[in-house]
């Protein structure tokens, strides 16, 4: 078995928002990597910092109030954080090497420009081709994402399209410049169930067909089970568990991951099975004490958990790639 | 001191908070001056002394005297009374009328609502000073006349604001929820819709104080509404026009007063808007 | 498209109708007999009655209104009771002066306001923005008449750079027109420049936070294009509304500015007419001025379609 | 005792006209709901599930008579309330309540928690409680929805999404309702909070004998809470059956596709599941297709499906399907 090379390596990334209430440590020392041709999921609830992490990779965080405080983002061996926020180098990466797909298809496209104008503009910025060629490439991209009558659709405005169609346009923009990595930030959350399936199948066929890598940011555990190769679970700005999808879905080791899985209603559950919710609400990450952030909601938390400082990621078993940030050994206690 | 240092201090000094505080202090001092005008000066604003006209600045007359020998400081202080009172009362008149009409237009559909909105549009199609000129024929001179004239010409701004607010609130589920628990329409307006209009209303009210002040000054400058010898800032600028080359300060001082107060009202309104209803940014 | 135009036109006509009712009734509620005012206190009753009959004042008020409107539709606004000349002729003499100052004022304020607003937004929080913010804040509070008086004092009386009063038609002597128009135009434009600047800045900053701007950045579009193309077009939509609403402020300002610079335009005409109770002139001026405003708003409504494809869609 | 029918909806139609052009001419109708029938028994949870635009919310709101239906009848408690005026409705107004999707816009931002609940209690014309009794009732209701009594003086913006939704429930309960229409009550909430609210709904039903009409797009949530489920597509009910039966034995092609589109978190089960991806998009309800509304996307569609609209027909115990293919 040939070892895959990492495409993106994020090391000790820290991003904070400076608000009147204090420093929000949205991304607090996060490290992860994505190999070539791999689908990685970042899972967490709203406010856990999963989106900000991805925005930081491309330096798209609004400054102020946000600020990337430190860390390294190696993409194909180059540290992206060394480039300035508005530099030519980072712009050449955005959209051409790493593409992003956002959650809200309704607002993510500019309402006063046609699909064709927006699509061909991106192509022209990165490929230095003529207007006509860019337009033709745009039509081709729309065809690839399964939009019927792409020539006519190029002249449509976003508001003339359905949510699913707009998300396809976003995907078309993402693949138009042949980027190696697609970051999809909650790509299907705003869509209907069957449209969600359509869009995800399309994304997967593109990623597999064109041998791209993808990061899916989502809160939907089912989606992750179906599509991801590896999973990172985030809570309060930190990664608290990581491993292959099979390991995490079958043998979750962090009390938060366990709780999350027990609290989500599942179609395959037998009728009458009670949901076990996680009590309380996710914390607002301002001035959190240096201890496990899940402690106050954790049903297994001990006195030691309350007093000990923030646990680091450690292998569940020696030598394993399944990592967990918990003081407790949850093996067999579920 | 190098340039960047100067720029930095400049920035700190003129940030929102400091500016708001300054305008608040400016306003408070003008209000105070208006209230205690008789204590500030021993003269009456009408007291003429022709033998001492166009006096230079002195201990007796800090800002000198005008063409009839009246003390300029005294007239400025009494002018503050008239200007502040007129703008406050006219804004109140406008707010009350506009609020009621706006609520009616917003809550009830159909002909009444259309009529109110079209009348507001018609009023907004007449240039403001033209409107006040014509209305002043109807209401006559004096403070009451000016208050009514300016008040009525400001009404459409409130109608439009309240109308928009009511429409957007009616879409909110809490209005439906109130209906479902059996609340009557009248109660829904009074208990739910009205209180939610207040933040935006306060913002508009503060900003309209400046507009009203400006209109009053312009009217006084034209010699309609509040007429001489009653002291007004606009009127003082007008009176000093003929001696501009010799005594420019007589025109500049009252104008400065108008500008200070109007700017203060606007900054305060901006601050209130950002604090109470940031959605109005770019609209008011 | 046609449906949309017809609808906007209908609304405009309703507004103008309300304005005619308003200006007509205001004048007729007022105490005092216009015929008496025209002939003076000493005139005998028979002459007054004769004039009343001639001016249709003896007829019922609705008939008077209908006759007045009928006349207007034929271009007849009646006779001025002070000048004894047709109102339409007086207005057509005066209006070009007001417009020849108003149009440059509008152009000046839109161009300067937009430009400075964009600069403010791009350089938000920087030194340039701070300076512009202070200037516009002061400008909003500056009374037009005071700025005019101040300008006359400084540029006219002290520096002798510009003539202090009067008006020359651009067709008669263009250089003289420009020299005389500079100060009035600036006075007319000052408030509008400031408010367009504020609105453009606020709306641009609002738009810059939108999702589609983030998408543009995420796709590597250069920052200049992001702001000048993606953001500006969206930010312009509310600014256009605001400019349409402010046309009337410029027209209103002409009353003041014409008084300050002694320009015999429509503003000064109206002011004099109000003093004289020359009611047909008042009615005519109010009507003409509000028709100009309504007309501008109508054009702006159509302009919307150029900027906002959603509106264009609804035209079909 | 789940035999008394509390609510019956017969051939309900709700068409919204669209106006266009200069003179507000009627340009067409949106057939939001086009002939829906079902009945809800006292004490049960009836799930209405479907994708956006299928008309499920409109059905919910028509039951509460927020809209006046275009055609069909709504029978509540044996009484036809379809054409009741606002005044006639007032006797049932408080018996039928609603829980909203958006916990932000459904609470008046200027009202404190206590005042929101108090208003719902005192609006009752027959309310003869003294001030202190009302206060006691407020505390009781807050306790019922597991909100701390100390929250009474807080304002909605100081609360989390889950707490707001609890408050919305408390407001509805203050009216002593029999029937509650829950319109997507958990879809705006975080995953870990959803379970708390779902459990609360179940507990309250057991305690107070409530009847729910549970409108949602999330099949897993609906299946978890409902006794019976109606699947809606483009203004029509395509399948009605018991919750377990729906998952174990879905019959309508649309239901099958809908179920397969929802991934499950059970790794082994998920990897073995059959995936049906529907082609095309939901047609606009303005010019809905003739015949079976699902036929343009259905792989089994025949000529009959294009011509004739299928009626709900019984296929097994308590299992009704509207499809020509299933025989």
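Descriptive notes on the structure:
Residue numbering begins at 1 within each chain, and the chains themselves are lettered A, B, C and D in the order written.
The rule is short, and it goes like this: a residue touches a chain if its C-beta (ideal position, glycine included) is under 8 Å from a C-beta of that chain, and two chains touch if they have at least 3 such contacts.
Quick caveat: nothing in here was measured; it's all calculated off a predicted structure.
Contacts with chain C and chain D are shared by A, B. A count of contacting C-beta pairs for A-D and for B-C identifies B-C as the more extensively joined pair. Mean C-alpha position of chain A lies 32 Å from that of chain D.
Remark: chain B and chain C have CA centroids separated by 21 Å (rounded to whole angstrom). Chain C has its Cα centroid 53 Å from the Cα centroid of chain A.
Contact residues on chain D toward chain B in their complex (touch as defined above): 64, 66, 90, 93-94, 96-98, 100, 102, 105-111, 119-120, 123-125, 168, 171, 174-175. The touching residues of chain C, when paired with chain B in their complex, are 11, 14-16, 18-19, 22-23, 26-27, 29-30, 125, 127, 130, 133-134, 137-138, 140-146, 149-150, 152-153, 157-158, 199, 202-203, 206, 238, 245, 248-256, 259, 267, 270-271, 274, 277, 282, 285-286, 289-290, 293-294, 297.
Every residue of chain A that touches chain C in the complex is listed here, in rising order: 58, 60, 62, 86, 91-96, 99-100, 102, 104, 107-114, 121-122, 125-126, 157, 159-160, 170, 173. Contact residues of chain B toward chain D in the complex are 171-174, 176-183, 187, 191-192, 195-196. On chain A, the positions that touch chain D within their shared complex are 45-46, 162, 164-165, 192-198, 201, 219-223, 225-227, 245-246, 249-250, 259-261, 263-269, 271, 274-279, 281-282.
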